[in-house]
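Supplied in structure tokens, the structure appears directly below.
Chain lettering (A, B and C) follows the sequence in which the chains are written, and residue indices restart at 1 in each chain.
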Amino acid sequence: MPAAIVGQTPSLSTFLKSLKTNDVETSTELLISLLKRRQIRNSRPCAIATSQLLLRVVAGERHRDAQKLIERIRNVGCRLVAAQPREMAVGNIVRRILGVVREVAEEDQNPADMSDTSPTKSEPSKLQSALLPTLHAPTACSTPGDVTPSTDFGLDGSQSRPSLHSVNSHAPGMTSLFNILQTPQGRSPIGTPPGGAQTPNTGKKGRDGFEAKEKLDVKAEVIDGIKELIDELEIVDSQIAESALDHIHSNETILTHTSSQTVQRFLMTAARKRKFTVIHAEAYPNDHEATHATIVNGGKKGSGDNEDVDERWRPLTAMGITVILIPDSAVFALMSRINKVILAPHTVMANGSLLAAAGASTIAQTAKVHHVPVVVLSGVYKLCPVYPFDTDGLIEYGDPSKVVPFQDGEFMDKVDVVNPIYDFVDSELVDLYITNLGGHAPSFLYRIVADHYRPEDIDLRAKSDQ
Amino acid sequence: MVTTAADSHGATFDVVAAYHHLLQSDSDITMPVAAIEALILALQNNNSTTVSETLDLVSRETVKLKASIPNPISLSAGTDLFQQYLISSLTRPAATQAGILDFDQIRQHLVQNGRLFVDRAKAARTTISGLGRHFIRDGDTVLTNGGSRVVGALLKSAAESSSTSSGRGSLRFRVIYVVSPSSSNIEGRTAESESAAIIAALRERDIPVATIPPTAIAYCMDTVTQCFVGAEGVVENGGVVNRLGTYQMGLLAKAAGKPFYVVSESHKFVRLYPLGQRDLGIEQKIVDFRTADGAVDAINDEGVADLEEGAKKSTAPEDAVDYTPPHLISGIITESGVLLPSAVSEELIKIWF
Amino acid sequence: MSAPAPPSTEPAKPDEAKLSPAELKKRAKAEKQARRAAIKGDQPGGESSTSGGNGESGAQAANAIGGPPQKKPQQQKAGQQKQGRQGNQDARGAQGDRGASQQQALPLRRRGSQSGLATADSKKDNKQVELFSHLYTQPRRHTVEGTSKDVHPAVLALGFQFSSYEICGSSARCVAMLLAFKEAIQSYTTPTGTSLPRHLTSHFLSPQIEFLKSCRSISESMGNAIRYLKKIIVEIDPNMPEQEAKAYLCEEMDRFIRERITITDQAIAASACLQIKNGSTVLTYAKSSIVEKTILQAHANGTKFRVIIVDSRPLFEGKHLASSLMSAGLQVEYLPYSGIPHAIKSASLVLLGAHSMLSNGRLQSRVGTASLAMQAQKADIPVIVCCESVKFSGKVALDNIVLNEVAPPEELIPLAPATGPMTADDKAGEDDEERSKVKTLSEWRDIPNLQILNLMYDITPAEYIRMVICEYGSVPPSSVPVVHRLANEGM
């Protein structure tokens, strides 16, 4: 777990430290205020903080009943999301954890039904098994006019749950075309295999033995699931970096932008075997200092693993890689000599588009006109099931004093100084996504997203409104 | 209503007549759903007792239906879906897992709930319009064409959300409607009268609507913020088959960098993979070479073509369709969410395998 | 060889040994230029007697400028160059006391930088981005040390204004150069035995130009102006009295400034401001004087519009433009470079200035322009370039590598290196011990493999440019060579 480091300003590390001593409610409030004040920002810290907090929430919950747990998590999740709606990672983690609970609950419910066929096996069989049981009792549900879809998850209280049909549709469809003909037109979990199974390296398979148990301890199972998620957050960079050598060959010139631990790790993995050149655009005015620090001193200090700190800290230059620092404006001038562009997103949308540090869109478009491939490195936790209806609304505007110092009082007064923090990058500008699950075309990303979130969890607020 | 149609035909059930009757009696019904209904009626009027008998009946009726109309693409989406559903429900041994689920039960289920399916299809449209509303933002200018009922429903829904409480809500948008000038005065053209109805309904709701001829699309593309089109069929690679003119609209939208959305219920997904305009499997007399002596004998692209049958089966000019390839489409708005064109293939694979 | 100052030959040797290949190349180039100049001077008439006199006058001038501290490096220089040019001189059978001015005509390096370079060479080599190695010539001159004594004080002052970006922008530099040359020419006296048209260009103007080049590479407009100046000098009747000839030259230079720049600017602004419609939003990048004029003109005409200025590191020229427009009462939005997509969303017109318009229709302008034009083009926003024909060039370029200028990388290093925790979230916890190890970018020269590239220009492809407004009217980029031939070669 992250080392507790003494810091003056509140940050992720102070939050994690306080988590050990404070009670759940205080911690929740603290995280909300940290998110609001942007003292915890960026996807990874937000994801870590959220998962750690929810771990505490679940651990502190007296109820062992899945439905209660779901409500509780949803409640906390909604508050966190509301505190900082633009940090999508928070919502993503909440949804992932809800998925874990549901999975556990389903295993708990149907051990008899499913005991012979493992539900986690494969999608096609999942499809069939999801489809056919729904025909059980045609007479029971087939009252004409019953067009409101009812849920059939075998969870207690599922009937009382409101229809989420109109909201789950923010995500790519996961329902079968047979919907129209099936009797209980539920949002069957087709193509949504249980939460932990799709991140292969988290050791979930080993625990599958539990499902044979007649009655599972829901809470313990969920805690295990959350811990796996936390593990996933920690190893995500190294998993992504595993494919570095497949994508970077000798004597290439790689362009990257802003400072990202994931990208740094990726490049370092390649640098161990190969010699190439890195051109680093500095992402002025929001991230240039971090970028400079990364170039000069190596990967920024992460929140975890002290053991390989030395390695993480090594700057690429110390590994014999030529690093050329350029301002963002020089990207076009150099693009014709660049072989690949590697970007790190802030959030990835279900349709393959992404949000990244301001300047990324310019770089991606420049790469497109020069026919240079754009590779995006993203942990699965950055994949967001929300369809980007309103791309403008997703973009956050930062402190204008980073562009023009406040000392220029008159200038600040009379000139409208705008400092966008994020850029929206359309999916057609991206050639490849590399996640901890491997490489994907942007057009396939909808499926990765669908695999990780339950349709009923996509809109967190719809639930809490009721 | 459904039952009367069925009763009147009695033992000598005419699936084609039933299909047309369904389409006429309910203006809201779509072709694939009408086809499914017609097949269910056929099932109802037949006393098939075995699985293979039933499947055989359904496929025979399907062939009859397809043969009866010049452009069976949309219809085949419904028939294929129904056939595939029957096959998977009747023949997969997994069915037993769910308990005693025999042929009769399924047959019963289908026959009894014919009307329910229609309602669901309509509910899907409501869902889509509720969802698609999110795509329309304040100050947008929406470009659309043709009498797609689902696009109409979507726009109406957006218009209504604009005038919720205080007469006019916050959502203010404009619509540019592409209307073919040739057919605007012809009486019975359903698509055009449909357009006219939608336009009237939108104007009623205080939404400014401009009508332009298809020749003006490129001219006004710079003022457009997004395009919505309906679909007769969504094909396997994520492309769509829709009224003639959709393809050019897609091309123009792509060239101008405007999002181009297809609005379609997922039951319109059809197992067809056209490689181009000439590969839709239907005969369309759109390009008609003539000299002073009259029509030049069709030098057919396919080489051999039964001219007589072709002439009989070719679609009326106003019913002509074209194929819009998936790279022009930003997203397909269905009742189960916004799909990327790449997701269509997966959905279709899922029902087939 | 009979060098006049024996001590000067000695320090030259170690210097010679330390020269890097690039410097040798530079020197060879300089020699070639000198040779060419010498041949010109050789042509008709005796030169041997005049050169001595010229040398004296040059030396006097230098003394007047630099004073005593300059002397030593000069001598050293002289010796060094003499060595290099030995063969040349022998061939021509020149006397030992050859015109010092000719030697001084070479681009001279100040001593301090020379020795500094020699020691820094091994380290410096990998500080230059290989792709742009042709652009790293010598460090920009920032001090008066080591300059030729022939350089006129006005030119000298101008050079430093160039190198410090105090005078920045192609047209401004061109005008300033011509004004400085006017002043310099006033102080020029033709040495006896030669005539002004023969002597002025090679012996007097060249050192000035070379000096300016050593401060910052000259722009296309300056090149065009110099070409024009040389042309009219050559065309002067050798029998014309000197005073008259000088007056004529000054008049011509004034006319050039007036006709090719001042009036032209007004004409372009008047024409371009018609493109700004009521209610439109004008997007511009960095700062161009002509764009500024256009916007102010449109504002003065009563057009209601908004201006978005996108700026970039390290020059922040756009901030000056924003201040100027703000004072004029315009509604201005100011964005960093990363804000281009935001700016594109609301813009309805992009106005750009030019460093140069190349003959294949491409625009050479401040680095970053190309990306902006690309995104505007993609969003179907018209991109208009305002450019005087004096900036049109006969050169062509496909990429941004060959024609460019590399500015000192130090400009990109933030002034106050962040001492505390970085902007990022979880940096706060760095302990002091850790921080002491942390290097900052200002030490980049000591970090192996780290390079910083500070380009000045980029080339915008012609297809991103909808219109070029010059004094010949509005033309498509494809007509740039037509205008160039008409304006710059037809003269």
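Odds and ends about this structure:
Keep this in mind: a residue touches a chain if its C-beta (ideal position, glycine included) is under 8 Å from a C-beta of that chain, and two chains touch if they have at least 3 such contacts.
Just so it is clear, the model here is predicted, and its values are computed rather than measured.
Ranking all chains by how far their C-alpha centres lie from the centre of chain A, first place goes to C. The interface carrying the most C-beta pairs in contact is the one between chains A-C.
When every chain is represented by the mean of its C-alpha atoms, the one lying closest to the mean of all protein C-alpha atoms is A. Between chain A and chain B the centroid-to-centroid distance comes to 36 Å (mean Cα coordinates, whole Å). Rounded to whole angstrom units, the spacing between the C-alpha centres of chain B and chain C is 65. Computed centre separation for the pair chain A/chain C is 50 angstrom, with centres defined by C-alpha atoms. Looking at chain C, one finds that residues 378 touch two or more other chains. Within the complex formed with chain B, the chain A residues making contact are 124, 127-129, 131-136, 138, 142, 144-147, 165-166, 168-181, 183, 185, 190-191, 350-352, 387, 389-390, 441, 443-444, 446-447.
Contact residues on chain C toward chain B in their complex (touch as defined above): 378-380. The residues of chain A lying in touch with chain C in their complex are 5-14, 39-42, 45, 259, 282-290, 292-293, 295-297, 300-303, 315-318, 320-334, 336-337, 357-359, 361-362, 365-366, 369, 392, 395, 402-404, 410-411, 414-420, 423-424.
Residues of chain B touching chain C in their complex: 222, 256-257. Residues 126, 129, 131, 312-314, 319, 322-323, 326, 331-342, 345, 366-368, 370-371, 374-375, 378, 399-401, 404, 412, 414, 418, 421-431, 434, 437-441, 443-444, 447-455, 457-459 of chain C are the ones touching chain A in the complex.
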